[in-house]
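These are the structures, in structure tokens.
Next come two complexes built around chain A: one with chain B, the other with chain C.
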Partner chain A sequence: MAENTKQLANWIQDQLQADHDQNFALSAQTRAASLKILDAGVFPTRKDEEWRYTPLNTLLDQNIGAAKSDVPNADSIQTFKNAVPEAHHLVFINGKFSESLSDDLDSVKESGYTVKLMSQLTSDEQLQAEGTIRDAKLSDDNIFQHLALGLSQFGLFLDVANHTEVKTPLHLLNVATHEASTSLTNPVNVIHVGVNSRLKVIEQFVSLSDAQAVTIPASFMALEEGSGLEHFKIGLESDSTDHVSNTSVQVGANAHFTSHQYLLGSRLTRSNMEVGFAGPGASTTLRGIYLGDGTQHLDVRTYLDHAHPHCNSDQHFRGILNDHSRGVFNGLVLVREHAQKTDAKQSNKNLLLSRDARVDTKPQLEIFADDVKCAHGATVGELDEDALFYLQSRGISKEDAGLMLTRAFAAEITEDIGIEPVQEYVEANISSRLNELSLANV
Partner chain B sequence: MNPVNDENSTMSDEQQTIQNITDQDYKYGFVTDIEMDEFPQGLNEDIVRMISAKKEEPEFMTNWRLKAYRQWRKLKEPKWPKLEYDEVEYDELYYYAAPKTKDAPKSLDEVDPELLETFDKLGVPLEERELLAGVAVDAVIDSVSVATTFKDKLGELGIIFCPISEAIKEHPELVKKYLGTVVPYTDNFYATLNSAVFSDGSFVYIPPGVRCPMELSSYFRINASKTGQFERTLIIADKGSYVSYLEGCTAPMRDENQLHAAVVELIALEDAEIKYSTVQNWYAGNKEGVGGIFNFVTKRGLCAGARSKISWTQVETGSAITWKYPSCVLKGDNSVGEFYSVALTNNYQQADTGTKMIHLGKNTRSLIISKGISAGKSNNAYRGLVKVNNKAENARNYSQCDSLLIGDQCGAHTYPYLEIENPTAQVEHEATTSKVSEDQIFYLNQRGISTEDAVGMIVSGYAREVFQQLPMEFAVEAQALMSVSLEGSVG
Partner chain C sequence: MLSIKDLQVSVEGKPILKGLNLEVKPGEIHAIMGPNGSGKSTLAHVLSGREGYSVDAGTAAYKNLDLLDMAPEIRAREGMFLAFQYPIEIPGVNNTSFLKKALNEIRKHRGDEELDAIDFLSLIKKQMKLVEMKEDLLKRPVNQGFSGGEKKRNEILQMAVLNPTLAILDETDSGLDIDALRIVAGGVNKLRSEDNAFVVITHYQRLLDYIVPDFVHVLSDGKIIKSGTKDLALELEERGYDWLLEKAESPS
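Presenting the complex of A and B:
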């Protein structure tokens, strides 16, 4: 029994001890600190304040095998590509870049930016990519981030030159395929947006059939002065997938970072996003929906570091929880000394659709400056009875009325997406998920 | 210095007034020179037995204390609050101190005159209170209740209001039935320590259907240096009864940090209501942050019966460190929990305070109004939990937690925890942060009100919702306390 509970730790030990000839994504120098932490192998438990609502037993019990990475045929992933019809598509199969399914990397260059696999960087590029990682101020406690940093063999480096507006969005499609054993994917991606430049990235995580997978990505993003990055994450993995992601963003002066997260799949998702302001006038908009049914566990975490004056942040996350699912929201806004004139908003609203659904929310403020505007709010409740009654009195069945209201609840987030096909795709997925739900409690 | 703030003239005014307040001495900084009964330093089973023997306690109490002591040895001091302080050397503390009085006095004449003088300085003239205010004061100096008034009057109604040490001897059946039922001896580090070594405190029992005709009040004082103060209060409101209880504290100036780990248990049976109000103004340390009381308090009320109600009101202005979460366990159907709090921190004070509302019964309701005010270099955190159990149908909670910052050196933090397991629950949490705006001050200035008074006025207005909950006598005291604590700290 004891061995069984530490499968992931054992896998890590095997990796650490194996005589590797593979190329790792990062340099030995950058990996060293992470390897040390991995070697200690201390995984969080629910006694850790940061993990009190998210049990990791199933994830740590996963029996990780070597991924075979059979390339699926192009048709099977076309529907996912259609989510963003006008985009550069890069496809990763169980974490590994698939040249045959992706657009030509060189064609991307014409749009004004560079996309390279981590393993193919020039030494200058590697310095830059790893510099961005180091700027993120890594925490020793975040073992999952170190799992990606220390042992990742795959990753991307995305660099937008100064004064470049990239019109075509980049679509990163991560596909988990069915394997005999659970596959583990731990890519490290670095996105760098130059001064006054613009970029849109859509990251999608999907499974083919009921692939068993553990996905532990670490992303690092840096926005230079006056730039803008819009990042979308769409999670549609199978319910035998565990997903623990860490995203770390540095927003330069007068730059704006937008993030949308739609967590619709997986058995367990933990999405941790840390946004730091690196200069005055920086701002960020964070949006997200977590929609759970069955026994899904969806955990959204944000950490906003207001280290400079005149920065704005606006967060709005909504949870829809059905069946036995659990939702967790944990957001922290830190306003440091001297970060005067900060305007921070944080909102979390949750809809419980069944008797056994549960939500734990913890919107937090830590404020050390006096001339600031900070507000947060959280609500939990079920569908409004009066609204349901109103719709029924107009001849709409109770079930349809419930769906309508739930869709409307979600639409307040999705209408901000700003890329029409992506918005339609996300809304269609939310609707089909809601249609599947047996809204028994409505 | 600060690129944003260009109002230099206001800044210098501010600095001036901040200077004024930080220069202020603690009003109640004096030491009463009374001989103390002291036990040896440190804590072991013998000390626990000695405390129990000294109190002539029945065996069940001694055993209970020992169980708690053994449990405490297994526990570690919690590190999760947002508080920073030097570790308390628990083995160097004195765990018992009592004024040297041979027999308990029957009337005020028998009370040590020096003690009475102390009360006078604190503004608690016992004889006046007895005659005018109609408040029964169970005065506690360092652990042992010295004088109890109005006891006979209350006795006629069947109300028991006495030191808990007396209740243990005279009403062991009640104590045995209720002590530790809301805060078990295993609860947490400080409550467990308290269970082992508590010296005294108040005991209140209101019989069924009785509405207590006066506010019950107990004044606590920490007096001897290096004496941990371990009060234990137990209030039971039987079916359909009502009681309002007041607790107020001041402490003399000391350089060494003094530990205070009190436990308060409230039990409201069917249709009963308990209103518990606190004004806490213990010594907060000097302006460099030296000294001051460490206040680690466990307060919890159980709404055991249907339609019962427990309401906590607290005004916290003192202590170097406050760790306190007055909570309500809403077990009875249709029961109600309320929490009103004003927490003010200045200089190097740290407060991590809030509440827990645990909804277990159907149609339970809770309300949280928390007003934090940070000034100087202090840190003030609200930490609150709202938990709705799977079986708690139609639970309702509304929380509002506002923070006011005065000056740019302080911190205000909000950590709400919402754990909802029932879809019929309606839970709302809101929090805002603001400062005393220059426009408000300017407006009051041009009406001829000094900046200092203006700030006091604005802060009083900000905290009014909570003050309104206090009984009259307390509201006046609390308002005065706020102005004293805030004088000059203009933002």
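Presenting the complex of A and C:
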């Protein structure tokens, strides 16, 4: 292999060498296992079943440099803040918390609600955050998760005490800025929601101008009994960025986890979400849209572990792929032997807008219990000819009809967002992305 | 207004229309009757520009334009309207915004100003009364979950809002109860004027009691085998099609 194909690996080695000079988000003890895996430096290839459809060459070839992290001016990010007007905003520039662009941290936290940078945790909080990470079932071969765990210098810890409803949503705005070389951001975020508590978090990823960036976040979330967490991810980075994220969630008894992912940007997006049920009566709703144009590659993976009885999961993901873009959906629902009365639904629908677009979808069920209700299905289709003609017969051009039908296809997911301005923002972004598409083959 | 000459159309190599002639003038109502599978819907689809039909011979002129050479949306903007025999359900597309978009496309084409939301709403409210349609159907996705009769009323509502010059109604009366039939027919009669024309495809003479046609044509095996006045419909009601078919088959 040529020298320059190991750029990311070289960067990792450099970091490992310079280990002593850095302030890391996590303790040496927690990092140790990840560092070993990073030192071995084995990246997945397309021979790995998990990565069969997703080539990593471009990502691994990035020439990673240190980000200067000049803080952009407030105006340039205001439109992104407007996405969620009634929220607390925390802004991260190339991973680093920007005090000047963010709401005052003291004004964000309230009684029973801790919002802290990883670097500022008390030792008790550190223990708690790392406990949440350890409760997630980490796998050794997920090197990107270990890249965040082992080498992250940034991250956020959110903790909601028992019986606390946090009313104001938290908006985490991650901004990639233009640097001389590709900047790499690998934050570790931990969210812990106490017994019967509620929290809403909106994570947005954007880039300014033609930022070259690699974003590799690892998030860990734990929901205690009877609690609720609504998590939204909006990916709008430019097509000179790569984004590989790992999210690991533990849902306690009778708790409900909601996730919405709108993956509209990046050259390469890989989103891996693993949800485990930690007690009976836990449930989750997962929604998502991946929208690709040009040569974008979007890969969504979900893994649901039904380890307890009476748990429900409801997944619905939709792909819209234009031009030469490519989508991958890989969803595994595991229903363990004692997880009786499981109700698991999984649906993946894809709309191909061009002959050269492609999607590989693989919804999977592995059921070891006998008294369960499971349904899964995947479709790949084009715009409905009859519907197109019906609209045309009323005076609407074929291109506009195609846009209307495509927007409608997306709206069946976005209408469940539940926070009106966020829904409008996401729908507006989907519409403007669709308007840019040349629906040549409609 | 519409002049069809020797129209021959096939689908996947199978001839369906086999030399059809029809002249429609402004102010006229033409009824087309005929056995199942004779090509009535095919004619309606070809005239409105649906893909999948091959025109093997003949011409169709509409307002002196070469109809068969126009995109479906241009035909609509030029004032053609097809009420579908089987209206299409379109999940996720709101009935009102769809119709507003359609109307404004047509207005733009005519050089009229587009209607804003308020003006459009007052127009549509007025036309809904005409077809006695429940208001909540406006808030739903186009035709989705509508009953058979509701779909047909929605077609007539669209027609009333878009105010076409030439409307083709493909079995709009099928599946309607007597009240709905009267309402739909009432809608057509309200819209009727010296400047527009209707082609009404139907199996039932009953409809023609409400929408009184100037001409009745019998389409059989891809051709119009007999034309007459509304009395022809009464005769068909009594005698069926057999006597005509026999006549058509035996070259005398």
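Here is the rule we go by: the second predicted complex is superposed on the first by the 437 of 442 C-alpha atoms of A that agree within 3 Å, B and C clash if a C-alpha of one lies under 4 Å from a C-alpha of the other, contacts with A are read in each partner's own complex, and residues count from 1 in each chain.
Rule of thumb we're sticking to: a contact is a pair of C-beta atoms (placed from the backbone, for glycine too) under 8 Å apart; a residue touches a chain by one contact, two chains touch by 3 or more.
Only a predicted model underlies this, so the values are computations on that prediction, with no experimental measurement involved.
K.L.:
A:Glu412 in the overlay: touching chain B, chain C, both, or neither? Say first, second, both or neither.
P.N.:
second
K.L.:
So, A:Gln392: does it touch chain B (first), chain C (second), both, or neither?
P.N.:
second
K.L.:
Could you figure out whether chain B or chain C reaches more residues of chain A?
P.N.:
For chain A, the partner with the higher number of touched residues is B.
K.L.:
Could you tell me which stretches of chain A are touched by chain B in one complex and by chain C in the other?
P.N.:
None.
K.L.:
Looking at the complex, which residues from chain C come into contact with chain A?
P.N.:
Interface residues on the chain C side: 48-51, 71-73, 75-77, 81-82, 84, 87-88, 90-93, 98-99, 101-103, 105-106, 109, 141-142, 158, 162.
K.L.:
Taking the touch rule as given, give the residues of chain A at its contact with chain C in the complex, in rising order.
P.N.:
Residue positions touching the partner: 384-387, 389-398, 400, 404-405, 407-409, 411-412.
K.L.:
Considering the complex alone, what residue numbers of chain B touch chain A?
P.N.:
It is residues 2-5, 80, 82, 388, 390, 403, 405-435, 491 of chain B that touch chain A.
K.L.:
Which residues of chain A touch chain B once you look at their complex with the stated criterion?
P.N.:
49, 53, 309-310, 337-338, 340-341, 350, 352-382, 441
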